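Listed below are the structures to be examined.
Shared between the two complexes below is chain A, which pairs with chain B and chain C, respectively.
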Partner chain A sequence: MKKLSARRRHPLAALVVLLFALAVTGGLYAAFSPSEAKADDSSAQSLAIEEGKKLYAVGCASCHGTGGQGSSDGPSLVGVGSAAVDFQVGTGRMPAQQPGAQMPKKKKVYTDAEIEQLSAYIASLGAGPSTPTKSQYDIEGADVAKGGELFRTNCAQCHNFAGKGGALTNGKYAPALDDVSPKHLYEAMQTGPQNMPSFPDTTLPEKNKQDIIAYLDTVNSDKSKTPGGLELGGLGPVSEGLFAWVFGMGALIVLTIWVAARTAKAKKS
Partner chain B sequence: MSTARDNDAQRRGKAPAGERVADWADSRLGIYSLAKANMRKIFPDHWSFMLGEVALYSFIIIILTGVYLTLFFHPSMSEVVYHGPYEPMQGVRMSEAFASTLDISFEVRGGLLIRQIHHWAALIFLAAMFVHMMRVFFTGAFRKPREINWLFGFLLFFLGMLTGFTGYSLPDDLLSGTGLRFIEGVFLSVPVIGTYITMFVYGGEFPGTDLIARLYPVHVLLLPGIMLGLLVAHLILVFYHKHTQYPGAGKTNKNVVGMPLLPVYMAKAGGFFFLVFAVIAVLSAIATINPIWTIGPYRPDQVSTGAQPDWYMGFAEGLVRVMPGWEINIWGHTLVLGVFIPIVLFPVVLLAMGVYPFIESWITGDKREHHILDRPRNAPTRTAFGVAWLTAYFVMLVGGGNDLWATHFHLSINSITWFVRIGFFLGPVLAFIATRRICLGLQRRDRDKVLHGRETGIIKRLPHGEFVEVHEPLSQEQLHTLTQHEQPKPYEVGPEVDENGVARKIKGSQKLRAKLSKSYYGEQAQIPKPTREEYQEITSGHGHH
Partner chain C sequence: MSSHEIPEADELPEKRESAEGAVQVSEDPFADPGMPPHEHRKQDIDERAAQRSERTVALLFTSSMVATIAFIAAYVAIPVDKYIYVFPIGHISALNFALGLTLGVALFGIGAGAVHWARTLMSDVEIADERHPIEASPEVKAKVMEDFRAGAAESGFGRRKLARNTLFGALALVPLSGLVLLRDLGPMPGTKLRHTKWAKGKLLMNQNTMQPLRPEDIIVGSLTPALPEGLEEDQHDFQTEIAKAALMLVRLQPENIKDKRELEWSHDGIVAFSKICTHVGCPINLYEQQTHHVLCPCHQSTFDLSDGGRVIFGPAGHALPQLRITVNDEGYLEAMGDFSEPVGPAFWERG
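What follows is the complex of A and B.
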């Protein structure tokens, strides 16, 4: 200590202290502050929010209000989270074309990048479920049978046992789940779009959502097997009855006419 | 004596084997006279006479495939865990009935095909009976002496519905369990005794553990047994009454014009059986029916949208779906009118068709035998009633599938429900009026055709420049067909006072009958047939067109 104290008036002492202080603050900063990459990210994030806000002002604000607070034409978007935006805009349901009982799925209007920007902006308005990452909706190792049971318990009463959709009141409907991407399935369960109830992780954990997605992938996708032949829409007895009448009874009536037209002729002598 | 017979036998040689077998059988069963009387039985030829055959053959196919299915089906509700080849059901708890149906579908050789044939054939069976019944109705083939046979047929249709229902309930899948829950509600809605019936049928609280085992003998033994008996009686009566025939030259109420049973109809009917089997087999090979593996096992806490019964029950489903959910609460009891009224209406609407022959014969007072069929246009009121009934039936089918109409035609399910509610009352009325009008129009056209001949489409220019269409006179046969029907006078109550001027006692029912009879045979229902004089006057005048 003495040595140090003796040299405290050394001409270079100030420089040494300065260097030391810089090193400490720099080190502390490096240790405690977000990493440099993150710093970049956050600036990108704020940029995305900024861009998203612009897109929002043009495409969404007329119904949802300039600050996402909602209006008589559209609900508030504060706290819906980026997952909701990714689902609604990603499936083309938003922006809505016209008011109606329900917003149908259609060709999406925004690019993926724009959807991310919109999501970022809406997410910045209030905390809500965020867009799931790939690992969240990955169905690798999911339990298909469990998914089936969960589907029949929670989803089939509106979406039909095979996810072929069904009617709700006053022109609303539960859409068919054919060709819905795993990500959108996950988001729909998470956020409960339109008339659907939401199934947050507290009621339906991530693992169970994966099971359900895996089940749909097995029974209602391009690769699902139909051991019995044509599915006839997978709608149950109504389409079966129609098929039996039109093709079964139709063919049989044609055959009766054919058989009756071919009869033994009495020989004319 | 014996030597003489031996000589005789030696001289002629032994009789052919077939003859000896026939002799052997005849001397024990006495079938010769039976066969002699019936082998040459004559049947008239028309495609619409084969609709009943379609029903008969699909019934046979159902029995054959049903026997195969019983070999592998376990009618038990005891719980098992599935470990079969169908992956999405791995480790799922289900009843043994459901598990064995999965096994039939995926492990039994040909099981899925046979299951599908069984089920498709059931739909075709009911559809064929329905179409057959409508043919009989619209042509008036139910008239004396065939009223009883009409009732047999009607009962067969009704029992067919029940057998179908018990059949698709057996696999204990989510859809059929929902149907059984529906029936529980139906039982519960019966006033006073509803709860007792439910407990009796289900053996306790729904779903219990007995139901499948109880439905099984009903489906495979009781109902098919009764149906088989009725079917045989139905066919015996067809033989006994002889078949009806369409009007035509040489066809009278006293003869049957057609081909003999052997060999013509044996060959045709035998071949036709295989055609029916082929159509059903093709249907079953290309299209899924009741995919219980995606529907899943029944659990009372689960339900799927689009939970409809097979088509023949869709009418009952519609009645319940569109009925407002009315309830009356009295003395701590609930009367569920929202379910009870539909289930009362269900047999009422069906019975309207079932008892129709008796109503018509009461109204018309016609007690004669009829073997010549009516052309539907010549019985406008009956035809209109039939179309009105079909309209009510179809409207209710729409109600039964209201959710699918909503999703597939982008409509509101509420609007469809209201459409069906109004349509059930209004539709039949409109259909009745329109059909009667069409029938009368067709009668007028027949009259024109008789008097003026067939429009040939050939336009002729006369010397003075006028254009006329050439009408070709009808042949004798065609004239007969168009004019052979009777045009009876309506029943009349008679004078209100008797010969002494005293007011006669006229029952209300008589007045009603007179009124109804007028709607059948009054001036509003029959365009007068051309008389001989009219015909001769028009056809003798040359140059008339």
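What follows is the complex of A and C.
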């Protein structure tokens, strides 16, 4: 102790004391912070729900009811889960611009943070599929061939065998799946937006969903390879036949006219 | 052209033989006017133009030769799995693109060269060939008829009645062998169209996972394709059987089911319908979960799954057949029997 007090006027004493104080404060913080952080997390969650509720009251309540119970203008949102909100709002389908047979995809209105808050609020109304995590829709190691099979069994009837979309009844349609993000594909299968049936994990497990996303990434993205060349929209015989008739026959007619055309004469008549 | 428009002095009306407006009637108004005078092409009178044309033709043929060599080179040199980006087409196989392009140029070069040769260098003088009557002369006709009569008499066709009649018999019988071959068009379908692989106690297998389905797997608004237990994709008759047995499962709120029999044949709102359209047998799976309608992509027949599969639009003749299902002791969904009516399109003896 005497030794210590003797050195209390040492030029480096202040530095040592400062370091010691910092270490103690840091250690104390480390010891107490986990519980604090936990409290922080749940308060952040309830804050998100609070914020989401405010956003909901402004943007959604006029159709879906003040408590998400639905009205004649919009379905109930109790139990649709955060995945449905993330899909509908994240692809810009909601908020709807006007009533109609189907809500089209458009530029999204809310920021990602706001979508998260809305999702948190809707998820708090009733249990439902939650927004998938990155590992759930990661296509690393997925089986593309199996995905193609599953796509043709479950999806191709409406979305066309290459995901180019198709018509349904009374103005409804299955949209083309070009450039839909893996997350939104996953959510659409999980929740069944609008008139699309859902494909829950109980009947189409997570692994199968990843296979389907991998298949679409292979056949229907901007880097998809088409060995045969011009795919003409991937719509099958209609567009191909039309192309052959219009451009093939057109070229033949032009050639025929050339073969039989009057040749240039030496003297103008 | 211009010289005819302004009358020359000697063509003024008073100098002409007949009065203005008088019609001159020639002897035969339908006489052959003959060929218009032949007009020469530039190449016919100018040897340098002809040589230019020849060089063009040679260029087209040479481009064909070059393209053929390029085709062979591309076939040898370009690997099968190489892809390139070509602007309006997209990511295309480099080999396919090169082969198509070079073969196209090779063929077009020959054709275009030949046509250009014919148009500019080969003679284009008009030629008319006079028609002649196609009838044979009376002498030839008489000779043919005489020869025929002589031949008939020599053959003894009228006299040797036994030979003639047996020939008729042989000719009449020969087509029968062809008729007998038609027997191989069978066997008749029998009752195949009336039965499917579904039977009492067969589990409903999820076509995605090939696992038996439980009622709690199927939530309201979902769509699940199902197969009868024991039908596997590697079986040789899989396609034949799935064409009749394909099933779709959807779950409705029981209070939304309007048809009494449908409700009775369902389990907790889970209904199982045939996937085969009753019009011409297309697979129908286009299910709209909010309206409970199922649409056929071929001819737009629309069925209402909440009302016994009733046809609400389109050419389909009868409602979609429903499979009666229940749940077994182990909690799995199973069929209560086969479809009660033939699935798919109507046929002659369907009744």
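Rule of thumb we're sticking to: the second predicted complex is superposed on the first by the 225 of 269 C-alpha atoms of A that agree within 3 Å, B and C clash if a C-alpha of one lies under 4 Å from a C-alpha of the other, contacts with A are read in each partner's own complex, and residues count from 1 in each chain.
Methods note: a contact is a pair of C-beta atoms (placed from the backbone, for glycine too) under 8 Å apart; a residue touches a chain by one contact, two chains touch by 3 or more.
Only a predicted model underlies this, so the values are computations on that prediction, with no experimental measurement involved.
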By residue count, which of the two partners contacts chain A more extensively, chain B or chain C?
B
Identify the partner contact of A:A162: answer first if only chain B is touched, second if only chain C is, both if each is, neither if none is.
first
In the superposed arrangement, which partner chain does A:N195 touch: chain B (first), chain C (second), both, or neither?
second
Would you sort A:Y121 into first (chain B), second (chain C), both or neither based on which partner it touches?
neither
On the A-aligned overlay, A:G171 touches which partner chain: chain B = first, chain C = second, or both, or neither?
first
State whether A:K223 touches chain B only (first), chain C only (second), both chains, or neither.
second
Is A:T153 touching anything from chain B or chain C once the two structures are fitted on A? First, second, both or neither.
both
Tell me the contact category for A:E231 with respect to chain B and chain C: first, second, both or neither.
both
Looking at A:N208 after the superposition, I want to know if it touches chain B, chain C, both of them or none. Which is it: first, second, both, neither?
second
According to the stated criteria, A:I257 is in contact with first (chain B), second (chain C), both, or neither; which is it?
first
Residue overlap on chain A between the chain B contact set and the chain C contact set?
153, 157-158, 166, 168-169, 174, 226-231, 259, 261, 263-264
Any idea which chain A residues touch chain C in the complex?
150, 153-154, 157-158, 166, 168-169, 172, 174, 192, 194-200, 202-205, 208, 223-231, 258-259, 261, 263-267, 269
In the complex, go through chain C and note every residue touching chain A.
1, 39-42, 44-46, 83, 88-93, 96-97, 100, 115, 119-120, 124, 206-209, 213-214, 216-219, 221-225, 250, 283-291, 293, 295, 297, 300, 302, 313
Quick one: in the complex, what on chain A touches chain B?
101, 144-149, 152-153, 156-162, 164-171, 173-174, 215, 218-219, 226-232, 234-245, 247-249, 251-253, 255-257, 259-261, 263-264
Within their complex, state which residues of chain B touch chain A.
45-51, 53-54, 87-92, 105-106, 112, 116, 120, 123-124, 127-128, 131, 174-175, 259, 264, 268, 271-272, 275-276, 279-280, 283-291, 293-296, 299, 301-311, 314, 400-404, 406-407, 410-415
